[in-house]
Amino acid sequence: MKKIKPVIREDKNDLGFGARLSQEQHNRMMNRDGTFNVDREGMSVVKSMSMYHWLITISWSKFLSLMAAFYVVVNFSFAFGYYLCGSDALNGAESTTMTNQFWNCFFFSVETFGTIGYGSLSPRNAPANWLMTFEAFFALVSAAMATGLLFARFARPNAKILYSNHAIIAPFKNGKALMVRVINQRSSQLINIEAQIIFSWMHEKEGRRIRQYHTLPLDRQKVTFFPLHWTIVHEIDEKSPLHNKNKEFLKESETEMFVMITATDETYSQTVHSRSSYRYDEIVWGAKFKDIFEKSTTGKAIGVRMNRIHDYERVEVD
Amino acid sequence: MKKIKPVIREDKNDLGFGARLSQEQHNRMMNRDGTFNVDREGMSVVKSMSMYHWLITISWSKFLSLMAAFYVVVNFSFAFGYYLCGSDALNGAESTTMTNQFWNCFFFSVETFGTIGYGSLSPRNAPANWLMTFEAFFALVSAAMATGLLFARFARPNAKILYSNHAIIAPFKNGKALMVRVINQRSSQLINIEAQIIFSWMHEKEGRRIRQYHTLPLDRQKVTFFPLHWTIVHEIDEKSPLHNKNKEFLKESETEMFVMITATDETYSQTVHSRSSYRYDEIVWGAKFKDIFEKSTTGKAIGVRMNRIHDYERVEVD
Amino acid sequence: MKKIKPVIREDKNDLGFGARLSQEQHNRMMNRDGTFNVDREGMSVVKSMSMYHWLITISWSKFLSLMAAFYVVVNFSFAFGYYLCGSDALNGAESTTMTNQFWNCFFFSVETFGTIGYGSLSPRNAPANWLMTFEAFFALVSAAMATGLLFARFARPNAKILYSNHAIIAPFKNGKALMVRVINQRSSQLINIEAQIIFSWMHEKEGRRIRQYHTLPLDRQKVTFFPLHWTIVHEIDEKSPLHNKNKEFLKESETEMFVMITATDETYSQTVHSRSSYRYDEIVWGAKFKDIFEKSTTGKAIGVRMNRIHDYERVEVD
Amino acid sequence: MKKIKPVIREDKNDLGFGARLSQEQHNRMMNRDGTFNVDREGMSVVKSMSMYHWLITISWSKFLSLMAAFYVVVNFSFAFGYYLCGSDALNGAESTTMTNQFWNCFFFSVETFGTIGYGSLSPRNAPANWLMTFEAFFALVSAAMATGLLFARFARPNAKILYSNHAIIAPFKNGKALMVRVINQRSSQLINIEAQIIFSWMHEKEGRRIRQYHTLPLDRQKVTFFPLHWTIVHEIDEKSPLHNKNKEFLKESETEMFVMITATDETYSQTVHSRSSYRYDEIVWGAKFKDIFEKSTTGKAIGVRMNRIHDYERVEVD
């Protein structure tokens, strides 16, 4: 039987990693969470770091801690400022000790920054009044910024697709297929889900090992609804670049499978993008996914046990 | 006459419900409001529940009640906290009874959380001052969150398409057609409206009953404007999978018609998605929709009586 | 010469106005500002009115007046409430006259709703404290709503395309053409602008006058940039449905030209939609647009006088 | 060898600059930052200026300065207002000097606008109370506006693509190619990047010099990921309009190369647009870009020195 060569435009379809990177990179290019294994240096921090981007992508616990830290630092700073305004800075703060005076200044700052202003403490001399004027402005801007950031965090497409820990080579029809299982981790609906798997491997060519890329045809590339899981299937038939390959080939060729998913999040009608990658050591040759369904406890609807998405059992494939 | 078989790729076009679900599910798959008849279990609540998604999709009355409840609970909690700070916690609260002292603490908390701070009550001792410092921060974050959530609720595409209660099999040209009537429930403009009807039924195949899916060709699949109602029409001609079928077939085959609509909401230029489904018992065989127009009371413009969208009358179809 | 018939699928291409509407409507269907000449009745106000949609589309002056009115009404209502709490409702309000007492209540409400709380007035008895608790909550929600609405108004695609007051039939190449001139009224950039002109007219068919629709082919349907004006041109050649027609035909056939424009607003990368319509009495047969350019006062860049967009001069066309 | 003529629809493909503009404009049409070299006059300031658009596109330092200036002006204005209310306008302000009285009014305004309200100063007479009522409303609206504007600034697609300072004509395969190098200046991910280069030059036609436009075919028009830089390549082969041209041609024909890039910003799933242009004096004939990679300091990932994007070295091209 004539071997069918899986040839596509080799130089063009490199996903944007560039030829040189593709040749030299022996580590994985994409991490499991979809980020790239790349360092970027040499730009000034201001331009490249993009504080805003960072503030809206860090975890909620980190974000709230940062806000709390900011709140404390700001109030200590202003407290110190009021303290420097002298002992007659504040009405209602006729303390005899310096420590007490500082804490009076601190709580006065809190009452000002929080725009509460009980009045048991109030600015008396001119420097304190001017500092209060500035803190009031600072408080307005800070509140507006915090609100903006909080909403920006809320409004981000929050779709999260969970990928099975392993890709598997499973029996399929009369042959075998590469399979990946995904599930919608959020309760929001995703529709019009589209998947793409790109097979990337090192190839000997004119004495040099170069990395090649090949988009694998899928059994179903698109589904309309996604209420349950979806098993993405690439049938390894004669036309597949994985035809007649085996487990050892994956390792030798430093195989990396890129999985890319695009979907529409119904909540905001936003297009969301997700991706992951499986290195050769995350591909199980000879396995099938375990069943994820079960009779719902309520009896009427179909139930799905989401945490079983990673489960597979070993089977023979030819 | 040779019977034209409505065959499409049977295994592929399953809308994402999956083969097994399609075989076992004897209840409807999609509810009238477009949600899926599926239970999802086994994910930790934190990950799958998506509080945010829930908060922006519940009704306004529920949301405002929740905010009020949050407001009350927060103030009672802080009131209790201030109460624990001792009888010298607050200036201006020289009450003799414990109950009065608690209510002083409660109203003090209200004045602090609302950032009002009249000053008739103000924190006196150190614990009360620190608690006030924390409440001020909590108030800032809460206000920012509330604003973010409120805007997130506002900014959601608020297009709402009303579907006629029944799909009908009505006379059309020289034969008959499946018809569904829809109307824009909001006063915002929808443009470029596109509809799709997918006919799904149980089919005997190799001794097993499996569910099949077939996209029905429509008389008009797209309209540019949608100022009035739109009757979506699938003509039941020779090529239709409903050709030579009758009312009994719908029931026996557990027919379910999925209607999907995509449109652009002009207010924010957002694409909005809507869907509904009609089970066999919501399809009237032999009916036609009643007229929805009437001379406008103002005389110049065309009038449409929106609440007549569900009205139909029984007629004979062959 | 054989007359080329401008026939397209007559029943299908009705833009969504529906057959019956198209037959009976003798007034214009679309107004100059792109709204539809249609009345919608019969839905409950709550569902169809969509207060939110109304609040973000009214003019700024109207919106700010409404906010001011809301502010005044709210404060008078709460003032009345505090007044009903009795003469010992407030500390610092030992007025002897009832009028003075009411105004004290009013300004106390202002200080509470605005979360200022000077403290010269503060709630004394229990009813006043509870009312204050409610007003503080109401103030928080109102502020959040106002912020949300204000931002929703800001974030709307604010592209505004200005259409020339008249469409003209102008000399073009060796014949003539229908022309409409448009310009970007905002300083934000629009890119990838696409236009469509639909010619609609009443047509005698089997004894009945029915309205027909025909998309006119354009000389250029799309431009990449839109820094200046754009003259949309439909050449009236042999294939045009306006071939061999004259001014009288436009009137007799109750011609209405729908112009639809889609573009991308660069500020937010939003797709924006705009449309207008020209009735027969807004189409000038025999005219050409006046020049809109002039040497810029700064000398280096090209200048365009935007208010000349409507200007045309009469010329002969065959 | 027969010369292949680079002919496309000459009159149509003018990018929207218009025929007349294209003929008369001898300066560059597009500036390096992608803005157009065009003056727009004659619209009323209100309509065309679009204050909102301006407020969200100015730099952060400018924006914050404006907010500070607004804050100061507002408080001085209200201070003057309270001052005019007479010497009994405020409680707690029994100053003997007019200057002191003014500053009391100023700080009272600050406490009101910032919704702090210590209460050491509070409105006493009726005019002061009414002015306070208005300032409280003004403060609410201002805070809402500021929050809205701040968020609008945050939410803008903040992708920023850096273009190499020069386009180069570099050796490529057996011939040469036009190359431009771009890099993502932000740390947010861009995906599905698409580029277009349009070659524009003055051409002698029937005795007149008219500007022509030609979209250059690219070696790769699209990349999926953009973790590093991307060199956009147009091979100058027989079919290229630059075939057999030289450096002098670029100058004589007043060449301008428009580069347009479209991409998806993952943070918000927004489509972002970027563009730049290279005039003949920014195109280096005979050069190649220097290497931008280097071993990462961490050793594992690939490193890229972003500030080397502009570096090239002179080489011979035939």
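As written, the chain order gives the labels A, B, C and D, with residue 1 at the start of each chain.
By definition in this document, a residue touches a chain if its C-beta (ideal position, glycine included) is under 8 Å from a C-beta of that chain, and two chains touch if they have at least 3 such contacts.
Being a predicted model, the structure only gives us computed values, none of them experimental.
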Comparison of A-D and B-D (more C-beta pairs in contact): A-D
Interface residue overlap between copies chain C and chain D, same or different (over half shared): different
Reference chain C; chain at largest CA-centroid distance: A
Approximate Å spacing (C-alpha centroids) for the pair chain B, chain D: 39
Separation of mean Cα positions, chain D and chain A [Å, integer]: 27
Where chain D touches two or more other chains at once, by residue number: 111, 115-119, 143, 147, 151, 155
Touching residues (chain side chain C, partner chain B) in the complex: 12, 14-18, 20-21, 24-25, 27, 36-43, 47-50, 52-54, 56-57, 91, 111-112, 115-119, 121-123, 126, 129, 132-133, 136-137, 139-141, 143-145, 147-149, 151-152, 155-157, 260, 270-273
Chain D-touching residues of chain B, taken from the complex the two chains share: 115-119, 147
Sites on chain C touched by chain D in the complex: 64, 67-68, 71, 75, 103, 107, 110-111, 113-120, 143, 146-147, 150-151, 153-155, 158, 160, 185-189, 191, 193, 219-220, 223-230, 264, 266-269, 293, 296-298, 300-308
